[in-house]
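Below is one structure, written out as structure tokens; comments come after it.
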Amino acid sequence: MSFNTFGHMFRFTTWGESHGPALGVVVDGCPPGLPISAEVIQRDLDRRKPGQSRFTTQRREDDVVHILSGTFEDENTGGERTTGTPISLMIENTDQRSKDYAEIKDKYRPGHADYTYHQKYGIRDYKGSGRASARETAARVAAGAVARLVVPNVTVRASLVQMGPHKIDYANFDWAEVDNNPFFCADPKAAVLWEGYLDGLRKSGNSVGAVIEVVAEGVPPGWGAPIYGKLSADLASAMMSINAVKAVEIGAGFEAASLIGTENADEMRAGNAGPSFLTNKAGGILGGISNGDPIVCRFAVKPTSSILTPRRSVTTSNEDTEVVTKGRHDPCVGIRAVPIGEAMMACVLADHFLRHRAQTGRDGGVGY
Amino acid sequence: MSFNTFGHMFRFTTWGESHGPALGVVVDGCPPGLPISAEVIQRDLDRRKPGQSRFTTQRREDDVVHILSGTFEDENTGGERTTGTPISLMIENTDQRSKDYAEIKDKYRPGHADYTYHQKYGIRDYKGSGRASARETAARVAAGAVARLVVPNVTVRASLVQMGPHKIDYANFDWAEVDNNPFFCADPKAAVLWEGYLDGLRKSGNSVGAVIEVVAEGVPPGWGAPIYGKLSADLASAMMSINAVKAVEIGAGFEAASLIGTENADEMRAGNAGPSFLTNKAGGILGGISNGDPIVCRFAVKPTSSILTPRRSVTTSNEDTEVVTKGRHDPCVGIRAVPIGEAMMACVLADHFLRHRAQTGRDGGVGY
Amino acid sequence: MSFNTFGHMFRFTTWGESHGPALGVVVDGCPPGLPISAEVIQRDLDRRKPGQSRFTTQRREDDVVHILSGTFEDENTGGERTTGTPISLMIENTDQRSKDYAEIKDKYRPGHADYTYHQKYGIRDYKGSGRASARETAARVAAGAVARLVVPNVTVRASLVQMGPHKIDYANFDWAEVDNNPFFCADPKAAVLWEGYLDGLRKSGNSVGAVIEVVAEGVPPGWGAPIYGKLSADLASAMMSINAVKAVEIGAGFEAASLIGTENADEMRAGNAGPSFLTNKAGGILGGISNGDPIVCRFAVKPTSSILTPRRSVTTSNEDTEVVTKGRHDPCVGIRAVPIGEAMMACVLADHFLRHRAQTGRDGGVGY
Amino acid sequence: MSFNTFGHMFRFTTWGESHGPALGVVVDGCPPGLPISAEVIQRDLDRRKPGQSRFTTQRREDDVVHILSGTFEDENTGGERTTGTPISLMIENTDQRSKDYAEIKDKYRPGHADYTYHQKYGIRDYKGSGRASARETAARVAAGAVARLVVPNVTVRASLVQMGPHKIDYANFDWAEVDNNPFFCADPKAAVLWEGYLDGLRKSGNSVGAVIEVVAEGVPPGWGAPIYGKLSADLASAMMSINAVKAVEIGAGFEAASLIGTENADEMRAGNAGPSFLTNKAGGILGGISNGDPIVCRFAVKPTSSILTPRRSVTTSNEDTEVVTKGRHDPCVGIRAVPIGEAMMACVLADHFLRHRAQTGRDGGVGY
């Protein structure tokens, strides 16, 4: 039923709340024999973890990952390898401050899931939003680090490409810049401008939305499947499942609506390594199946709903009230969505790689 | 694995190619006792079927639906009711013209799934694109008609809101206009302008993209689920699984990225019928769960790739070539995507209604 | 939710009632490029179809299969091949006699699903038991014929090994005899005895149960998976899903309960072709994973509940009554369960082959 | 793909090895608002835990359960309630003795999954059998304790009914006796006899098989579903997924094969509380759907393969060898399977309750 499980062959199940003792993920279906270590997972988690700059929540969580199952010592290397059985990863919560939440206990915060959780379940974990907390995404990032091991020839990278109304200039795009600024932004000039912009918002007790672009290179043609198993459909689901995401697009995306047929369809030319495409409006996906070009996916993150500015709202007893969310929150939650988007892309690709191999017995396309 | 199956509790499996004898869908998990008839399904199919105006493919298909299973006579009404067992619906293909496809047998049409199907499967059904044909969507519309019976208090409607660069003016928006023009457009003025615009494109052997907006009213709070079962994630997957769709958004969607927190979060006020929202930037979904407001989803359809204008491409033997797609094609395949988008919305909601009822024993929220 | 779907990677969905226009199955996930024809499917269907001897129902159904999708012409052979897309198979019902059912319309037949369907759905298709009809199994046999194509090196065969209290003598066991008697019995001497026994039961208006043994040879070590994906667990589910089946066992089965450790665990010896087992108490499965030995599964079918002998029962208005089921029924429904058991075994193996290939990239074990 | 996940609406995923730091389970789809505590789960775990008599392994594990997520304080009671989000339960391993396994590192133990795991994965966790360890079953028992909360009106109980060739006498059957002997046996006289029998086997370095009967009372008519979602099919899968189980039967089970129609079909009589059955050969299930009678399921557990008697086997280098399994093992692993069988029954019923409620909106049958 996939309430808390994502994927088919490579699948993971996450659990845990923001203010419980821990959160975690169980990864199932991982191929056996892959070298794995806590370090390689930690590396991805460290990029997502809070408190790394003044632009992310000041909650302090080290997000140390513990591998609880699914690996075994490799006699040759002294390291660990996956065994093909479920990999259970746990991250302890260390900086819960439940008192921060006392004053929103009886109020629905606008833009949050407070109201809908209450309506659905008749019970609301007001300490940190329960499963709607951004902390759940740590579990995804851990799963994504495992997924990368499954598709080692694929490079998955992401960049913030828009903050509020301010878009990057693709002429400046350089993957090497992503880790040189607090925004995971591949355009260093945009990053400088955003710094001032976001400082202003933060100080005024406000927040802002963002767009993230995730790109996977090295995906061979043939991954994905028609109809409801389209690579694009699974990516859409993957990205939209991230908290605060409201939009997803592949390749030209919404822009494709404005194009005419001669502009949109990527023309092809023959080559020694097989056919290639002259453009990539398709974002690497045709008919739901990868075409060998980079997979390009963008998604929009809404502004953080937890802001210091008072907002009109309602109590759990259906009376008018005002809400000011103190706590510790990201002024642009889209920033930390960058490694999360990468993780989800990696998970979708690992899953589709295995599904493709199941049906065809091949790792990629038929070749020539 | 959901290659050709969509949904969990209310789930359907589609089958069939454009140029085989028939196509169809098996709907499983439908509640028993619902009044059903071929007519009610036919009504939705007739809106999608080709050849209804000069703006859609001139292929002639009556798309007559046959109910093969899952219903039983209702002694009281003389009609049929669902029995709770699988409902098999079949639509025969009557206007196949395989000769149309002879000349693209050894060529990959740019923008089509020809190349990726060949790469994936090593075999390509060049007669009408196999499963990548728009005819598969008839099966979805049939399933959607059943889904509407499952959620009778929900109204699902859609409109074309953008054709190429031309957007509608929401000030003119009137659902009653949707069936008064060949574009399923709720803005009658836009429809008039589009008519000339699309005629020009069609005559020049070109095509164009579009954006469709689907709105569901009457959804109570509480449907949907956290994390990977988010209503928004399933809608994203549903819409992106439609052929030619490249982007999906909920509520404010990509626009949310440009907003600041005070603009985006919908404020709430108390009321006799419970809390209500002053705006609907959320598109009716918070934390993946419906909030009682209309569910608003938009998706972009790329321009039809089959155009009369010659395009550079490659043969199946990896040699440069040119392709002109004669056949009979929609100059704006987005038009017929309107009833398809409605169908997918209805299916997602029927599924989530049943899933919600399973977990909570309620049809909607907890009330007050 | 698998109400009417079986399998994961190789999966099929069946539909149809006994007294509707047709029944069928959609097979999804089948590898592409496999030679396929209606004839090869028909061959299996013909073994299951009714009316082939006085020991099976006299209903006349030719059970002609129609392939509606999922195949494409093979230029080299002139035959058809699978394309990797859903294979829709349909069988028309031609010999419905609804009048036979008029008198049980308002009565629950003991041993049938009449009462439970009514309780579950509040609506009962009294014309031929709806989905509880043995006709559903034709769809499984068709799916099984496709499954055999997926695992061509595996031989799946079955035999009736017990009718009522009369068991076969395994000393007489000869697969070649299975098609030489009306019982699919590998022991020709037992078959002779059963003939008189079943004639007597049939004439007295009674029926009897049976046990079927299904054996798969050629399964390499490594198929299956730990815990909930055990080959044995999926076989148990597969066989128990067949109408009238009440028990399933693997290898020594219930007999294993009576054994001590030294008797039960199959000892191993080294060999040129790798290790081999000296006995096969395990039925070819250890820890849920195939060990290279023949997979051996037995299941029990209860006596047909539709008998001419009057039985005490209840009306749909909760009044005492008597039921005599006239219709046309099998005196030993276990006979026709033989090809059905084979089909389900083939489907489970095809599914696990693909799942194993997905996770490991290998078709079988690691070898030596 | 259900490698390590069981169930659909009420579903759980287990993880962990015998010799890792911990094992656990994530329960998803649990209804919200159910009172829950570690104590109620611990009670079931304590019945399964090792070292409670000389007839179970002397490994010392307290099996203390930790609830890591999915619950929230209940202001009214001061206790905890389920929130509807995933319930993560963890049990730490405290008594690993890896040295016990050094000598079987390079040998396949007959009757174990050593050989098949190696063949499948190319890597074997020889320290305690990895996922094939009986410790995995602790996770199921924890999940089962949660499942019982979901169906509070259902009573699930089990008894050992056969040890080796020695069956209980149902004339002595008394549920109250189950916890009065070390075998979970409802026949106190059989328990006395078994004590001597098992002591003898244990001292001689041997082991023995067993049969467990699980009974669920209080299940209303209507749970379950036709065809592949049959209650009986899911029970068969559930029980067969338990380590060492080789056979499953419902109601009369294999005995049904020996019966004639007049003996097997349970007759019905009208009554004030609706129809009732005069016998329960069906084991409470007709057509895969509960009929209101007790659900009766039996399964056979093979003798423990780890025995002190030397057995012929093969090394991982394919050379002949002998194996004596020292370690600490249960002489009759069937004993501890009693609470495990109960847990699996509870999980299947919780799942089907929710699935039934989803499709029909009712908790049980239609009534009268």
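All chains are identified by letter, namely A, B, C and D, in their written order; residue positions are counted from 1 within each chain.
Please note the rule applied: contacts are C-beta pairs under 8 Å (C-beta built on N, C-alpha and C of every residue); 3 or more make two chains touch, one makes a residue touch a chain.
Predicted model only: the values in this text are computed from it and were never measured.
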Identity of the chain that, by mean CA position, is farthest from chain C: A
Matching chain pair for A-C (criterion: over half of the contact pairs shared, by residue number), options B-C, C-D or B-D: B-D
B-D or A-D, whichever has more C-beta pairs in contact: A-D
Geometric centre distance via CA averages, chain B-chain A, whole Å: 26
Centroid spacing, where centroids are CA-atom means, of chain B and chain D in whole angstrom: 44
Chain centre separation (chain A, chain D; CA means) in Å: 38
Touching two or more other chains - residue numbers and ranges from chain D: 1, 3-5, 8-9, 14, 29, 32, 84-85, 120-122, 130-131, 226, 355, 360
Chain C-facing residues of chain D, complex: 1-6, 8-9, 14, 108-113, 115-122, 129-132, 136, 162, 164-165, 201, 206-211, 221-230, 232-241, 243, 245-254, 256-271, 274-275, 278, 281-283, 285-292, 300-305, 307, 309, 311-315, 318-320, 334, 355-356, 360, 364-366, 368
Contact footprint of chain A on chain D as seen in their complex: 1, 3-5, 8-9, 11, 13-17, 20-24, 26, 28-29, 32-33, 66, 68-70, 72, 81, 83-88, 90, 120-125, 130-131
Sites on chain D touched by chain B in the complex: 1, 9, 29-32, 84-85, 226, 354-355, 357-361, 363
